[in-house]
Amino acid sequence: MGEAIAFYTLAAFILGFAVLVITTKDTVHSVLFLVLDFLFVAALYVMLNAPFLAAIQVLVYAGGIVVLYLFVVMLVNLKRLPEAFQDPNRHGRIGLILSVAVLLELAAIAALGVGSVAPVRTAARALPVTGNTEQVGWMLYTSYLIPFEIASMLLLVAMIGAIVLAKREL
Amino acid sequence: MEAPTVRGEMFDTNELVINMGPQHPSTHGVLRVVLRLDGEKVVDTDVIIGYLHRGIEKLSENRNWTQIILLTDRMDYVAAATNNVGYCETVEKLMSLEVPRRARYVRTLLCELQRIASHCLWLGTHAMDIGAMTVFLYAFRERELILDLFEEFCGARLTYNSMRIGGLPMDVPSGWDKKVLEFCKIMDSKLDEYEELLTHNRIWIERTKNVGVLTAAEAIDLGLSGPPLRGSGVPRDVRKDEPYAAYDEMEFDVPIGTAGDTYDRYLVRIEEFRQSLRIIRQATEGLPEGPIVGKVPRLIKPPAGETYHAIESPKGELGYFIVSDGKSTNPYRFRVRPPSFCNLQALRRMVRGHLVADVVALIGSLDVVLGEVDR
Amino acid sequence: MITPTHYMLLSAALFIIGVIGVMVRRNIIIIFMSIELILNAVNINLIAYSYQLQDVIGQVFAVFVIAVAAAEAAVGLGIILAFYRNKETVNIDEMNLMRW
Amino acid sequence: MIDGFVIPLLKIVIVLNATLVGVTYMVLLERKVIAWAQSRLGPMRVGPHGILQPIADAVKLMLKEDITPARADKWVFTVAPIISMVPALIVYAVIPFGPEVSLFGRQVTLYITDINVGLLYIVSVASVGVYGIILAGYASNSKFPLLASLRASAQLISYEVAVTLTLVSVVLMSGTLSMVGIVRAQESAHLWFAFAQPLAFGIFVIGSLAETNRAPFDLPEAEQELTGGFHTEYSGMRFALFFLAEYANMIVVSSVATTLFFGGWLRPFPNWAALSFLDFIPSWTWFLIKSFVFLYFFVWVRATLPRYRYDQLMRLGWKLLIPLAIANLVLTGIIRVALL
């Protein structure tokens, strides 16, 4: 019961703020709603027994990425509405319809397909450590070491790329 | 989109214009500095003055010669006695009056006390601008002692009106010289205290070294005088070059800087504290007996003619140019060469290429008093 | 009882909101934010299943997704800034030249 | 029911109130200590030796007119001070003031909760606080605040990197992210981590000065340069919130430093039986004493040092503190591996 209340409240907030993100006119407000959205997603992670991910979500998304967005929104000041010009070849309505169609399809798959089959419950993977953080760390540094290193390389490349792109003169 | 916002102006171009002052905590009065910034870097500045203009020069043409002393108080209001001395000496020069030796000694003494008071104020506000708030209160604590001395001498603490043409309005109170010497002793130790907080402080050095460098040639071109000029290594000091009052009888050194940056100007002024104390000691210990006023006519009416006389105020060369028509009891033309005004010209040259934070440091390092700039 | 289906539905809805944002809005910053929403939808799914299956691998993948999102945001915003500097716009419909 | 609901609620109420009172009295402490450093008296009028000054200040600020500039972004302008205040307060959820004690015959822990990712929680919550400053500058629609808020956010983000890296080396020593676990680790290591990690401790102290916008890193609110920084346009209670948030952050940083580097609630030499007579001082008092030392240090620094310039601040952060923190982290890792 408590779980249901928590889930539905969080889901309502997540979806509500997500809608606000894409509908608000003022971009700064949009960014703020995005932060709120991420905070509620983090709360959902706590509910799902993933406190480490929740902390990372707040730290990286809310504290890092979205601050970047805010910076860019403030730096990119617009004299005219960003949406003032519309390409005559743009067919926004078709996109909307297709998106809704995909949503219905996904919902159908989720409700009919997966829901009808009980998920395969494998035995919990035996890890030599307990605790959520320790387990994630263990996996990252054993089985997924190479992906982890690649991810860090990706971040390094992205960092250099961003500097090269944004700096006026090198 | 919404009405144009400040944000709009700010990021539209690469240049951002901000208006520092006239109401700003660190422009030392009502100075207005319009900064053109590229990010945090200053591209150009406009220094706008005139917010404290009271027309002292014009006003003086309608006052008699004695009343003007009171107006000069209001120019550099942190060194009022120096202004008085400068004015009185100019009129004396115009009238070829002889001033008794005791009066000249007291004038020297007052000028140097005033220099310390003014430098205390400079040190406090300069350090405050750079963020060292404690030095501010320490410096004001010592300035307070000087104000007490002045209060005992002439009854006022800020605008002294402490000179008369031809001498002094009153003799120094008895026992005053002992208090002055006592103050010198206190000041000696307090100076070390200031230096301990600043001179070797890493942050202070980083903030002031190589900030606002002026070469000797540039400083002369800009018409600087006083510590900003000496900080650039030009050994010009009116007290030494054209001695007035009793400076010809005093022994002191003129400190000069080498690099011409803010740090050197700071060191020059700190050393001036010490030299001033030296002069004060000599003047107090050697204070001669005798009259305090020379032979002054009842009605002061200088002969027709013009004269320029400069003294070394704490800020630099303070000159008075006075024209008398010989007929009326007020000057025909009265003009002041205010050191702060001339020194302020350097600001534009100095801030270019520096950061916003340096602007306040540089205003502080020039030590301008807006009362004197605008008059 | 909250089943993985609920989480999937939530995730699908969030995903579609993101997609609609990408499709309908023309402000490229909003489009980037919509992409962040999509990535979050994916993460919700991963973590919901990690919880369901009692396996931390889902969370490990979520960590990777977050790392990729960070990289994407940094480079993407760099591109936006560079583009804005040249064209003074962030409207994606005006970004129709491959070079300028 | 009582254990699961009433006691945590009581603890939250007590901690929140204690924090808010502590914050207001921190203001008084700062004014007094700086005054003494500057041979003044500080506030003396309200109550004996100005003891009631914080209350008078609070009343004044609450009664003041609350001005919203005409073209400000009204909602964001209102929300910004709240955003900067809230993270500073909710961090206390994981700060341990003491171990388990028995109170009225009931075992009570002297912390609200001890979560597995306590330290990470603190870092992530603190990282949200930067929004308050950015948004305040943005919403004011005024040049000085905007300039200051850009400065502030750049500063906060840069120094957060250095501080977080030092925290990682502490975690390497303790092997846990739980705040209680870190204190226990120091107990069993017979060593405060400040002595095991002197470099990390030094970087943490410098970085936390910068993160709390304190002198000599108080550029975002440099009155002499930016006329008050991001809160130039704020007045009344909204200004007070920013003001309190700064002090609350100072207390947070001191508490974290105490827990991480100075053995939290432990008395000096907790394993040395000869000193056990010190136990008559309760554990939370030790915690408060240690935090107070930090707070005093903060104030002392402010009274002594001039302010850094923006480029110098960035240079210090990126070219000195972060490389040092990384080197320290690598070194700690190597030593840990070598010892195991």
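We just call them A, B, C and D in the order they show up, numbering each chain from 1.
The rule we apply is simple: a contact is a pair of C-beta atoms (placed from the backbone, for glycine too) under 8 Å apart; a residue touches a chain by one contact, two chains touch by 3 or more.
Here the structure is a predicted model, which is why all the values come from computation and not from measurement.
Other chains, considered apart from chain B, form one piece (clusters defined by touching).
The chain pair A-C and the chain pair B-D differ in C-beta contact count, and the higher one is A-C. Centre-to-centre separation between chain A and chain C, using Cα means, comes to 6 Å. Centre-to-centre, using mean CA coordinates, chain B is 44 Å away from chain D. Between chain A and chain B the centroid-to-centroid distance comes to 63 Å (mean Cα coordinates, whole Å). If you average the Cα atoms of chain A and of chain D, the two centres end up 30 Å apart. Residue positions of chain D with contacts to 2 or more other chains are 138, 146. Shared interface positions of chain B, i.e. residues touching 2 or more other chains, are given as 5, 7, 10.
Counting partner chains per residue, chain C shows two or more touched chains at no residue at all. Interface of chain D with chain A (complex): residues 73, 75-76, 79, 115-117, 120-121, 123-125, 127-128, 130-131, 134-135, 138, 146, 150, 153, 157, 160, 177. Interface residues of chain A facing chain D in the complex, by the touch rule stated above, are 26, 28-29, 32, 35, 39, 51-52, 54-56, 58-59, 62-64, 67, 70-71, 74, 131-133. Taken together, the chain C residues at the contact with chain A in this complex read 1-10, 12-21, 23-30, 32-34, 36-37, 40, 43-44, 47-57, 59-60, 62-64, 66-75, 77-82, 84-85, 88-91, 93-94, 96.
By the touch criterion stated above, chain A contacts chain C in their complex at residues 3-4, 7, 11, 14-15, 18-19, 21-22, 27, 30-31, 34, 37-38, 41, 44-45, 48-50, 52-53, 56-57, 60-61, 64-65, 68-69, 71-73, 75-76, 78-79, 82-87, 90, 92, 95-96, 98-100, 102-103, 106-107, 110-111, 114-115, 119-122, 124-125, 127, 132, 135-136, 139-140, 144, 147-148, 151-152, 154-155, 157-159, 161-166, 168.
Listing the residues of chain D that touch chain B in their complex gives 34, 37-40, 71, 138, 141-144, 146-147, 151, 215-216, 218-219, 222-227, 302-312.
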